[in-house]
Amino acid sequence: MSAATTGAAPEVPSGSLLRKIVWHWRYDEKRELWIGWWTLVVFYNLYGLLFFVIARTQPPPKPSLTAPEIVQWFHDRHYGLLYGYAIVSIVGGATAIMNATLAYTMRRMSVSRAFAYSYLVIYALATLPGMLIMGVACTVGAMRPDRNPALMSWLYDFAFLSFEGTMGVFLIGSLVWMVAVLLDRNRVFPKWFGYLNLCNALTEVVVAPAWIFKRGVFAWDGGIAWWTNMAVFVTYTTVFLTLLRKMILREDFGTGPLPELQSDHPPEPGTREAA
Amino acid sequence: MNRRFEKRLLFVWLALSAITLAQLALGSLGERGSLTPNAWVTSSAIVIALIKVRVIIREFMEVRHAPVLLCRLTDLWVVLTGVSLLGFYFVGRFA
Amino acid sequence: MTTLASAEPYERAATGRKADGVRFVPGQPDMWVLVLFESLVFTTYFTVYVFRRTQSPDLFLQSQAHLNLRVGVFNTLVLLVSSWSVARCVQTAREGSFRTALNNAYLTMLFGFLFLVSKVLEWVTEIEQGFSFTTDEFFSFYYFLTAIHFLHLLIGFVFLGVAVYQIKSPARRSQELVETCATYWHTIDFLWVLIFALLYVMR
Amino acid sequence: MRRADGELILLWTLPVVGLIWLSAFLLFPGFVHPMSPAMSAEEVAAFYRDPENLPRIRYSMIVFNWFAVGLIPMLALIVLQIRRMAHRTPIFSYAIMACAAGGPTIFLMANLFWLTAAFRPERDPQQTLMFNDLAWVTFSSQVGFLIAQSVILALAIYLDRQERPVFRPWVAHFNLLVAVVLIPAAFVGLALEGPIAWDGLLSFWVRNTAIGLWIVVMGVVLGQAITRQRANDEAMTT
């Protein structure tokens, strides 16, 4: 991490977005962090688009569907599933740089590196049940519409249950982040974000009945196991994206407390979206 | 041990316990085995519970000394919970 | 919330902050984010429950009749005592009587533990009578709400542990942290008050 | 004195693992002429039941199971080289570590499906077909971590701005090229025949050649970087 001093960087150019991006690529000290942040923002939007609009697997369908209904379900979104999950498997690896960026926030805190490493490994695992297994099961289901309905129903369950199978990952991952934030003296994140991690962790407990119920509010499409949890997760994600952006603006690459943001000054270079 | 807060906390606790016992009476109305839906019992149970909640927040959690914003936010939550619980109860039962 | 957070320095003196008329946030303002957010989440659980209940009122009432109202009242009273003692713990710590504060914290733990035991016994009784998580919709909600509350209570013991740790040594004694932990504990209490009314009393 | 840090040993495991992978693939009867996704359930079942094929499927996949994670030491060495680059944060090295945890697991999962299919070849042909589909789709379409690790490595190299960068810029260009070439394989579900199908030109031949080439090229440049680093260290200490 020997600092590459850029010397006197020229002014941020006004004008086209492309020129600004080129400027940041060349001169912005925080470009690595911004790459991570933008990957997070683009990925979460893309994730919403792919899962909700293209593949239409979220909000989840009913777990109580019968085998013929499941065959019909695969039939109805044949191309959506195949194209949607193909794109998911192309961009799925982006989670690596996202989780690396989030792990870096813990590295910047005054806590042991064990927190950053734990977080990184835990979420590297999460991608598998959270997206990739689901993608494989949906692709296999959609690619042969004439498959035996009993097996289609197995693939359907495998897809949605594997998605539920991220419980432990998010539970422990959120708790690791929570403890790091609460112990941190570098004020990387406000303490309330630490507590918000606890709320997110608890939703992973609430989702557990989805393994038992095929209908009702506790099923995988239910009012409690899905809708409430999704609301909490979206809030949590929005909050940490906002706080992460603020943290990058405040970053001084030191080891002590992060300086507060000077709000009355013009935004620092790097806030290309602030204007 | 004659500090002011001791008396106040004791009084609050006694009041909360008394209300709880009142709820026991409320819940015991009628035969346990053959209960029927009862909007009065339900509304009273929810309203009494919310009053207790507010007392806990104001007294035990010391929100009465807190900045106005926090008082408003906690009251807002109490009202929101009351409205949505009673609202969904009546909409679900009578609509 | 950041303005609230930065307005109050984290390490406050144990005494002298309760001057008359001065308004202060009990504990870390950050904890109130947890309290309000988690309470909102519980409001959605409660609302869903109440609505589902109105869709099949007879089933819910029949199953509800198998709960023991007296046990519910007992649980509520036990938690109210624990809340009371943690409030006393905060007050006495603020006055500098750390011995009394510590005793009150232990008392809170004791009553919290009593609640846990009584809850487990209640579950065992229900299960022995053949009412489990999957028996019917009422019991699903009953086990769900009591269990998620139980979990919050277990987390509460971590907070109480922090409070005891703070009070024990003269080197620490952050009144703010003690208040933060107490705030969490009261939250468990008031959420239970609602759960009690909804599961045991309402019709 | 040169410190015995074992990096060279880890590096030299690479050709060994590569050779084992290659022989496992050649042994697996489904790869020499890649199985067509257009095969019917009966044909797939017959493929697994064939007494010629069955032992070869099992033994090749057992070997693949042993060595599927064999690439991880190489990725760990890449992580160490990224740490030497002129970056402000460890984000890129963390990201490659995350890829190292995720990528080989994909190969393992595919391997498990193949072995499960071969475990009871007498199973209902529809079930064998499903396990076979799961194996091939996992193996072919899950290129996300491979793409990510190439792109991240390329970014890290481009942003390594110092006198003597750890890797030359062409390594970054090469990695981006590999990433692009891997993309079509993600679409294997869409076609049972043609270049996109899992036995097709793009999804099988181009993709797997690219992965093989990536291992060879990265092995060589990694070896050069490590040798240069050690020469530097030695010059500094003497």
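Before moving on, here are some points about what is shown:
Note that the chains are named A, B, C and D in the order they appear, and that numbering of residues resets to 1 at the start of each chain.
Just so it is clear, a residue touches a chain if its C-beta (ideal position, glycine included) is under 8 Å from a C-beta of that chain, and two chains touch if they have at least 3 such contacts.
None of these values were measured; they are calculated from a predicted model.
Comparing chain C-alpha centroids with the centroid of the full set of protein C-alpha atoms picks out A as the closest.
Looking at which of B-C and A-C shares more C-beta pairs in contact, the answer is the pair B-C.
The mean-CA centres of chain B and chain C are about 14 angstrom from one another, to the nearest whole unit. Per-chain CA centroids place chain A at a distance of 39 Å from chain B. Taking each chain's centre as the average of its CA atoms, chain A and chain C sit 31 Å apart. Our note on geometry: chain C versus chain D, Cα centroid distance of 51 Å, whole angstroms. Not a single residue position of chain B touches two or more of the other chains.
Counting partners per residue, chain D has no residue that reaches two or more other chains. In chain C, the positions touching at least two other chains are 32.
If touching chains are joined by edges, the resulting network of the protein chains shown is an open path. Shown are all chain pairs that touch, namely A-C, A-D, B-C. Contact residues of chain C toward chain B in the complex are 4, 18, 23-26, 32, 36, 39-40, 43, 46-47, 50-51, 53-55, 57, 61-62, 64-65, 69-70, 72-73, 76-77, 80-81, 83-84, 86-88, 90-91, 95, 179, 182-183, 186-187, 189-190, 193-194, 196-198, 200-203. Chain A meets chain C in the complex at residues 190-192, 194-196, 198-199, 202-203, 205-206, 209, 212-213, 216-218, 223-224, 228, 231-232, 235, 260. Residue ranges of chain C in contact with chain A, taken from their complex: 1-2, 5-6, 28-34, 37-38, 41, 44-45, 48, 52, 133-134, 137, 140, 144, 148, 151-152, 155.
The part of chain B that touches chain C in the complex is made up of residues 3, 5-6, 9-10, 12-13, 16-17, 20-21, 23-24, 26-28, 32-33, 35-38, 41-42, 45-46, 48-50, 52-53, 56-57, 59-63, 65-70, 73-74, 77, 80-81, 84-85, 88-89, 91-93. Listing the residues of chain D that touch chain A in their complex gives 37, 83, 86-92, 94-99, 101-103, 105-106, 109, 126-127, 129-130, 133-134, 137-138, 141-149, 151-152, 155, 159, 161-162, 183, 186-190, 192.
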